[in-house]
Every structure is written in C-alpha cells, then in structure tokens.
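A, B, C and D are the chain letters, set down in written order, and residue numbers restart from 1 in every chain.
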Amino acid sequence: MNSFGKIFRVSIFGESHGNELGIVIDGCPPGIYFTEEDLYLDLTRRKSGIKGTTSRQESDEPKIISGIYEGYTTGAPIAIIFENNNTNSSDYSLFREVPRPGHADFVAMKKWKNFNDHRGGGHFSGRLTLGLVSAGVLAKKIITPMKVAARLLEAGGNSDIKNAIDEAVVENDSIGGIVKCVTTSMPIGLGEPFFDSIESLLSHIVFSVPAIKGIEFGSGFKAAKMTGYEHNDKYISVDGITKTNNSGGVNGGISNGNDLVYRVAIKPTSSIPKRQHTMNMQTSQIVDLDIKGRHDLCVALRIPPIIESVTAIVLADLKMIYQSYKE
Amino acid sequence: MNSFGKIFRVSIFGESHGNELGIVIDGCPPGIYFTEEDLYLDLTRRKSGIKGTTSRQESDEPKIISGIYEGYTTGAPIAIIFENNNTNSSDYSLFREVPRPGHADFVAMKKWKNFNDHRGGGHFSGRLTLGLVSAGVLAKKIITPMKVAARLLEAGGNSDIKNAIDEAVVENDSIGGIVKCVTTSMPIGLGEPFFDSIESLLSHIVFSVPAIKGIEFGSGFKAAKMTGYEHNDKYISVDGITKTNNSGGVNGGISNGNDLVYRVAIKPTSSIPKRQHTMNMQTSQIVDLDIKGRHDLCVALRIPPIIESVTAIVLADLKMIYQSYKE
Amino acid sequence: MNSFGKIFRVSIFGESHGNELGIVIDGCPPGIYFTEEDLYLDLTRRKSGIKGTTSRQESDEPKIISGIYEGYTTGAPIAIIFENNNTNSSDYSLFREVPRPGHADFVAMKKWKNFNDHRGGGHFSGRLTLGLVSAGVLAKKIITPMKVAARLLEAGGNSDIKNAIDEAVVENDSIGGIVKCVTTSMPIGLGEPFFDSIESLLSHIVFSVPAIKGIEFGSGFKAAKMTGYEHNDKYISVDGITKTNNSGGVNGGISNGNDLVYRVAIKPTSSIPKRQHTMNMQTSQIVDLDIKGRHDLCVALRIPPIIESVTAIVLADLKMIYQSYKE
Amino acid sequence: MNSFGKIFRVSIFGESHGNELGIVIDGCPPGIYFTEEDLYLDLTRRKSGIKGTTSRQESDEPKIISGIYEGYTTGAPIAIIFENNNTNSSDYSLFREVPRPGHADFVAMKKWKNFNDHRGGGHFSGRLTLGLVSAGVLAKKIITPMKVAARLLEAGGNSDIKNAIDEAVVENDSIGGIVKCVTTSMPIGLGEPFFDSIESLLSHIVFSVPAIKGIEFGSGFKAAKMTGYEHNDKYISVDGITKTNNSGGVNGGISNGNDLVYRVAIKPTSSIPKRQHTMNMQTSQIVDLDIKGRHDLCVALRIPPIIESVTAIVLADLKMIYQSYKE
C-alpha cells in the first residue's frame, strides 16, 4: 500500500515523531550521479521557515544508505533516510480522545484499532513527503530533457500570495491554494490507454500527497462548459504540436508532445490556531479545541516541489516502460 | 497496463471494430449470484440511443464465458465478452493521414508505430467501458450495503440538460458535462494512507475512462479559496458523522463514514459533425475535416453508470483488502 | 491471482467444461506478426492423441479476438479463446462427495465453499495451459535470438519412454516423468538479484503448471553433494562462457550468457483407471473408486511445449525489463 | 524487483559493505507485539560463528525505525535496519578484473555497466537475508497457529553434519547441503490455482535466497518414478488428512490441511580458500585465484532460519489474502 510504480518504484515508511523516516527507490538504472548534495535545493524549497509555514525546524538532512557507490547509482535499490529531531509529542496525546476536525486522527484510530502512532500525525504526516522529494530529484535526472516546474498560482483565492498569507496570520486561520505543474520537452508516446494513462498515474500519486482535493488536466473543469469545436486543439505541425493545449498534453492517456499541464487544489491545513469546536469521542460532548502544535497556515506554499517530484516519479516510470518496448 | 486492482482485479481487452471485446475479473469471492440478466440494467443505462448519443446501435449482449457455475461465482476468474456487430470501418481509414483534433488517432499511430488498429478508435474506444460496467455490477454486489449513485449535474454548462442537448444538435457540435458520484452507507476505514488512498485509487480508474478532464473530492477546487475554520467538518456523532462534508468522506486517504462524494469533468466529444480544420500529417497541409462516423454529441450522458462502476470496483477491492487485516 | 508478469503480462481464465477458456496477453510490443496459424505447431505438440494421453479429443482451435490487426500485434492486449466441445460432465458429479486422491477436488470445494465448478476439474484443469502455450508462441518471437527447447528425459524412471508408456497401459496406472529445458543464445544480464531472479520467476510460473513437483537449475540437487572447487564453473572466454555449466546459466539470479538449463519433475496423473480407495466425505466411509473419465496416463508427454512456453513468457518479460534500463 | 508479496509485502535494500541494509514490511495488521528482542533468536540462528561459517563477525543489531509504537505494530510500514561494521573492502577490488568462478561478480559488472558496488558482493550479499529473517519473525506471529520449522538434513552428502564440516575444513573447500522445511497446523485453502499456487510463491521467494539450486515439494523428484496408484495420498479423515503425504500438503496449488513439506538444495559457497583458476577479463589470461575474504565453508548451516522466514512471509500473505474473501 506504501509502494508506487512498476519499474521505477518507490516505497515510503516512517512517522512524524519516530526516529527516522525515508524512502526506498527500486528499479533505478545504474550510472546516474546522485549524492546528498543533489537533494538540498528541493528539500529546502519544501522546507518550512518562511511566513505561513510551521515553526517546527528540522534539519531535513538526507542520508543515502544504499544503492550509491562512488557517487553513482549502482542499479541496486536506493534507500534514503531522515532523522526526526525537533519533536514535541506532548502536544498530541489529547487528540486520541478529541480528534481534530478535518484531520486523519479519527480514521487512523478506527482503522488501526487504536494502535496507530498518533504523535505528530504519525504515518499520516506531511513529513513523509521528504522521501518523495528525494526520489523526485533522482527522477528528474532520469527524465531529461523533460523538465518539470510547479508553482503556486493563488493562496486563499488571492493571486497576491504574500498578501494572502499576511491576512491568514491576522485571522489566525489557515488557507488553501492552487498549484500548477507544467512539464516541457515531452516526448510523444508516454502512458498507456486505460488504466495506466498519464492522468491516471499522475492523479494516483498526486492524491497521495496530503491535503489535495482536486486535479484537472489542460482545460480541466472548464471543458465541461465548452463545445467540441472550441475544445479540439488544432494541429500546427507534423510533430503534433497544437495551437491551443486544452488536452493538457495528453490524448487517450498518452503524451502528445505538447506541454503536460495540470492544476491541483490544496485545502487549508486542518490544524488551525483559531479556537474551534469538536467532539470528545469518549464522552460525546462538544468541547473547545485549541491546537497548540506547530503547523502550517498555508501548506500550499510547500507543495510545488512535492508536485514536481511526484510528476517526475511517474514520468521516469513511464519513460522506462516505453523504452522496454524498443529493441 | 490494462489491469487494475490488487485483490478484486479487472483486465480489459478489445477494440471498437474487432470481433469481440471484454473483461476478465479476478479475485472475486465465490457464492455471489451473477448472471447476464444482472447486467442488462446498467448496460442499458450506458447505451446510446437517446438524443445526443451515437447512432451506432449495438445489442451489447454480454456473454459470461467463465467463473460462473449454476448462476454463482465460483472463485475462478470471470470472463465476459461482447460482440461488435454494427461496425463500419470505412469511415476511419482517412484518420491515419489526417488525425482528428482532440482524439487519440495521432498518439496511437506514433506510440504503436502505425501498427495500431485505427478502426473506430481501436483499443481507445469508449466501447471498452462495456467491460467496466459489467464488472461494476458485480462489484456493487460485493460492497453491499454501500450504494453508489452517479448522475449528470450539467451538460454544456447548463443544468437543464435536455435543453443543452437540443442546442448542441442545432449547433452540430458536441458538449461536455459534470457528473457527481455519491456512495452512501460507507464504513470507516477503507483506503490506505499515501499511495492507496481512496482518492488515489478512484482518480486512477476514473481517468481511465475516456474524456475525463478533472476530478474533485468533497469541497474540491473550492477548498483552495476556503479557510481551515470554514473547511473543517465538525463532528456531530461518535461514529464520525460530520455536519458538513467538505472532506467528501475521506480523511488522510481513508473513508470516515460520511458519504463518499466526488465530481468529474467530461470534455465534449472530439469527433464532431461540424466541419473543422486539421493537418494532413503526410503533406503538412491544413485541410478541411468532415467527420462522418457515428459519434456522441454529449458522451457525458452515458458516463454515470461507468462512473458508478469504477467506483464500485475500487470499493470492492478496498473492502476485501480491509477484510484481509481482520481475523 | 491469475495474472503473471510485470510488462509482458498474461492473465488466464476458463474451466475444463465451460464454453470457452483463454488468455489475455498485455504489454506486447507492436509490430510482431502473429496469427492463429503460428499457434498450430505448439498446440499440436501439447495435444493428446498419442498413446498414453487422454482420449478426450478437442480441436483446440484458437481464436484471436483482440490485439491483432492485419496480422500484426497492435500494442493493445491480445485475447485468445478456445471453445470446449468434447465435454462429458456426467463423469464428474460423484467427486463432490468422493474426492479423487491426489486431485484438487477436495481443496477446491473447501476453498470455494462448494461453489466451485467441479466438472472436468473446472478451473484447475490442464486445459488452461492452452492459453499459456499460445502466449508462449508469441513470447518466443519476442525473445529471438534466444531459443527454448524442452524434452522429456524419462517417464516412470525409464529413459525408453515408449517402453514406459506400454508398461503403464498394461498396469492400468499412470506414470510421472522428468522434463529438461534448455535455452540457448542467452544474453548476459536478464533477471534481478533477489525477488526477480530468473530462477524465482521461472519456478513461479513452472509451478503454476499442474502436476509439477520439483525444479532444479544446472547442477540442481547434485550441488548439495559437491564441493565448491568441483561446482565452480571455470571461465573460458571474456564473454563469460564457462567450461562446465553447473550454474545452469544463472549467477546471483542473473543470466550469465551460458545456456539456461533446468529440469522439472512431473508427478503421475492422479486420475487413474485402476481401482483405488478413497473416503466418502459425507459418510466418512472408505469406498472403492473407479474413475471413468478420459485422462492422461502420462501427462509428462504433453508437458514440454508448456514448459517451453512459460520459459519464453518469463524471458520476454525480463528482456523487456532489461530494455527499460537502456536509453 | 526488490519487493515481494501482495498484501504482506517486503522490500529489501542494502549492500554488504554499505553503511546500513534493511527491509521495509508493508501491509502488516496493527496490534501485533513486535520488538527488537523478538528478533534475536532467529538472527542468532542465522549468524556465523560456528565452525564452517565466515569469520566476519557482525553484531547484527536490528533497529526498528518505523511502524511500531509502544511495542505494537501500528498498521504503518515497518522499517528495520542493520549497520555494517566489520567490513574489509580491500579484499574485493581484485574481483572487478578477475571475477570469482560461480559468483555474481561477473554478471553484476555486465548488467550494471561497472557501476555495481562490488565490495563484499555488494547488493548480492547474503547479508541481505538479515531483513528477510526479521520479516519472518513477524510473519511467524501472523500465521499462528501454523508453525514453520526447517533443518539441515545433510551437508556435502553426509547426514553426519559435524563430520562433513570437519572434512571441508581439512580440504580447504566448501560444501553444499539439503534443508527440509515443514509447516504444521496448516489450514485448508491457502494459495490459488495457477500463478499464485503455494508452490509458485514459495519457490519464487526461496530462489531469492542466494545459493539455492533446487526445490521439491512432498515426493518431489521421486514422483517422476512413481505410479499414480503409489503416489495418490489416501484420505483418512473428512478433514482431508491423508495416510501418506506425497502431495507435500498441496493439491492444485492450494493447501490441503496436511503438513506443508519441501526440500531445497544449497550449492557449496563459490568463494573457497583453495586455490583455483579463473580468467582475467582484461587480459583474457587464465590466472591463479586465492580468495582471502572471510566466507562460509558451508553456508547451508545458516540457511534454515532463512528458509523458515521466507516460508512464513508467503504464508502470512496467503492467509491475509484468504481472509479478504470472507466477510
């Protein structure tokens, strides 16, 4: 359940307040230069520290423990781990009785019969995305010359994002956002009809990222209001390049050579500083809830490098699968 | 690439104008009553024939060829096939040279090096969903008492759908739509954190259905404009029932006992009767394109039973996986 | 449960006395010439009809219903079905109460709660290997220039196989045998360390073939009695060719360029004409059992083309996986 | 390629001389008591230190880094790592040029284009089985009341095993052996017909263990010389217990309630102290080879706990899959 991919395959493990968390990457070709230094840029982009993100400060120091020899991938699985240092688990014990609205506290207890590690959200923590970002750095190398770039389009409905954050701080409340991801230099032919369509695989892994509520490719939800004549992208070259890109770069589940474009909706963090009401599940009383942990007011700020990473992971796998067809 | 699921697993095959197409369903528990008669209702809902759908008339007669004995599932894989009778392949030969805008013609040729069966869209045809609908009927039995219902909310941006279709017929153009799917009587605990989240698996299979451009769960894209205080669903019972359902019935990837709610955007069919321009890929000339085949003006009309089916397929698998944890 | 392979993937379905049985082959590259005619040779080799095999005469006429267009694979999944014509189910009703010793009758009833199709062994029938042999013909084309050849080494412990069969007919009893499979022109590098070792994948699919009791690679069980000095194969060329081939062509799970060699042990058919005793599971009485169905006295005679096929299926998948690593 | 299992799923990583190696176990039910202490017994059984095993002394101290909270499995993936301390990589540099006969040195270089970590055998090292043994301890708890026990039947063809080792030490040569594995208290119904037969899954994982050359179930290779009348196991109870156990506890791929019995052949270690000849792959000269590393003279001594573990891993998965069918 914690693995994804067919050839280039990732498996994640860990908890927010455990000793270490990490990822295992299987199926990576040998001979790719890959060291801890490669990871710093994207890990920093993912990191908290700017206004609107959690005050929990973690060094996020990656440790590659297998699969690399003298700086290069060997062909064997690559394991990368991160220590959890700045943990404060006392903040969380309450939530076993009084689950946070909008959070996984309640379902984790029910599904796992109270054996779940509830500290810091346990296995449901956004910290698990550290591994995804690490695998993404490697995947980005594999998919060259394809290039993935994601950015935050708006936060709290506001495209002036700095402004939106300032407001959220004043309101003591969290806000959502929209991230757009564009991959350029796409080859034709990645993806499969039906179950392994590009959209299927991308949406699968995108919804693995905590807080995502929606995804749309190309024209997306606007397509529902368009006519075929408007929506059809006209070919302007024998390479399949089209005048418009309502397709988002995908026809019939397969890349068509145009930019791969999609957008995702991110919900506002459920852990908010503002006082709210919830139910004490032991007593069935409605009680006040003041969340004291350290949380993001706008987790969407940290999502772009994660979205890039999961995109690269899917494309690396699809590229390798496509190569398997060619002699 | 043409299989989906872990325990309850479907594999589809076939082409629009081949002799037969079908599905193999593996991992179905024994002892479920399942006959051809059970399929008629949903196959008819999926069928063309009403205004706005293709004039190709197929009997869509299912033939269960394995896995059923004296009316009951045996435990062995269930294969169901459908004949293609009403085919007219002459309409399609042109598209090898002059690919239809918005259609898979071009990528199918490129990916499969011109060996693709282009007749009627070949393997990319919406007819492949016959198998999905059949598997869905079986899955609906497995997931009892859960109940899945999908309906068309709007077509061409118009919630008066009859009106929207009439307009499309006049305009000689196709239109898109939005389908909403609600599953009631959900248990708590289906789905897994991260890669096998309910949203991950549902979006994976939903984007396998041709023409889908977007999916959103619960509050969906609206969540991006909300605050955490607004978005958090307040608990009103110790069973996890909440006052609002912005979560769409899922927290942390796991069902929370509320209704499972999502919406999908369907693009307008790319094959339209209206004259359009495209490129002749041999000559690189822009040419007129008049599509003469029989196509849906509003394929969204036929999507609800398909969406119900793929939802039931995912839930059947997740239910069985959840049962595997319990002694 | 009824699927095997990562890229080149087969799914089988059907029963001995159902209407049709078959196979779906996914992940096959486009552009391979493949028609029903290609199948006749290996299907005939697998067929009964010679002394020592069942008197059930089936035409074994393959019908390719998808994935082929104008004689070539298209890239879409290939489904092949076979009709069951010469069935006589009355022979089998008894075995629900009085299971045949050594046969799957008993476990099928228990596992599938009496919903199993017991006629002719149902889904457990050796007829399911028709699909495997068909997929094998295609796989043999993919793995060119590798060449797989299997032959019966001995039957009933006798390397004069004609003699062994004659004796079995006289004794009214069935006999087992040993089949050896050799693949020549092996490239270096197929297979993976650990779970996807060549031996792992081959033994996995070989034990899917009914009646197999053991498998050994290269020196096999003799290795247990050898010293390292004797067992180590000395290199005689920089291409990795060795003087002896105790390795059976595999080191560390990976092909080493020498012939891939393994042997399998086949048990005597459990359905024998000779009277035997078994238990009536309703009454717990020991009763006489006279099996009247049509069965093989030496099923090992029919195993070589099946073993070749499953070998080719594994090698096709491994070849494609290896190609996925190369740009 | 480094993962195995459907529900209860293991992924291994690491190298002989890397910093750490380990395993990730996914799909484990919550609420099972599991601590480092539980691992000591089987890790010690697997360890070197007795006569005939390598002089490399590793503490083999397991560190559970995720998936356990307050001593119990949480439902999240369990990662266990081991440090490599007692490494001496200088012994190995030679083997890039002069590969050891019978070893993976040569294929690892070829497959992974010289990027392989060759130190101590790298990813091909038997040390990777530390993870398998750890997962096996957990799996043994899941499969209760089933009980797995493996033992060394003979070494170097000699059932007086102490004697066999003494002789090997004198000869300066390695020896192979045969291990038998018996699982008692088997339920009826584990395993699936065809590709997920018990024999298929067991042989798959057994051949992942380095040095295995053959596997046989129940009567095994002897079956090839038997008649059906001799081989058929007569029922002696309505629970399916039989007088003999030629089936090895499996019919049609499914457990029949009798003991699950199989034997594996282990080859003599390829790294031997005795001088041997090999080829220098740069110069194509035949050269003397004196291996100075620390290696097992009879690795078969260490195999029983590994075989038990992989058996338990398969049975845990099959038990969970079987439970998924039951409501």
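The definition used in the following text is that a contact is a pair of C-beta atoms (placed from the backbone, for glycine too) under 8 Å apart; a residue touches a chain by one contact, two chains touch by 3 or more.
The shown structure was predicted, so the numbers you read here are calculated from the model rather than taken from an experiment.
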Comparison of B-D and B-C (more C-beta pairs in contact): B-C
The chain whose C-alpha centroid lies farthest from that of subunit C is chain A
Whole-Å gap separating subunit A and subunit B, where each centre is the average of the chain's CA atoms: 25
Can you work out the whole-Å distance between the CA centroids of subunit B and subunit C? 36
Provide the C-alpha centroid distance between subunit B and subunit D, rounded to the nearest whole angstrom. 44
Of all residues in subunit C, the ones touching two or more other chains: 1-3, 12, 30, 75-76, 111, 123, 193, 321
Subunit B residues touching subunit C in their complex are 1-3, 9, 11-15, 18-22, 24, 26-27, 30-31, 63, 65-67, 69, 72-79, 81, 111-113, 115-117, 119, 122-123
So, in the complex, the side of subunit B touching subunit D is made of residues 6-7, 29-30, 75-76, 193, 320-321, 323-327
Interface with subunit A, subunit B side, in the complex: residues 1-4, 12, 99-104, 106-108, 110-111, 123-124, 128, 154, 156-157, 168, 171, 173-178, 188-189, 192-197, 199-201, 203-208, 210, 212-238, 240, 242, 246-248, 251-256, 265-272, 274, 276-279, 281, 284, 300, 321-322
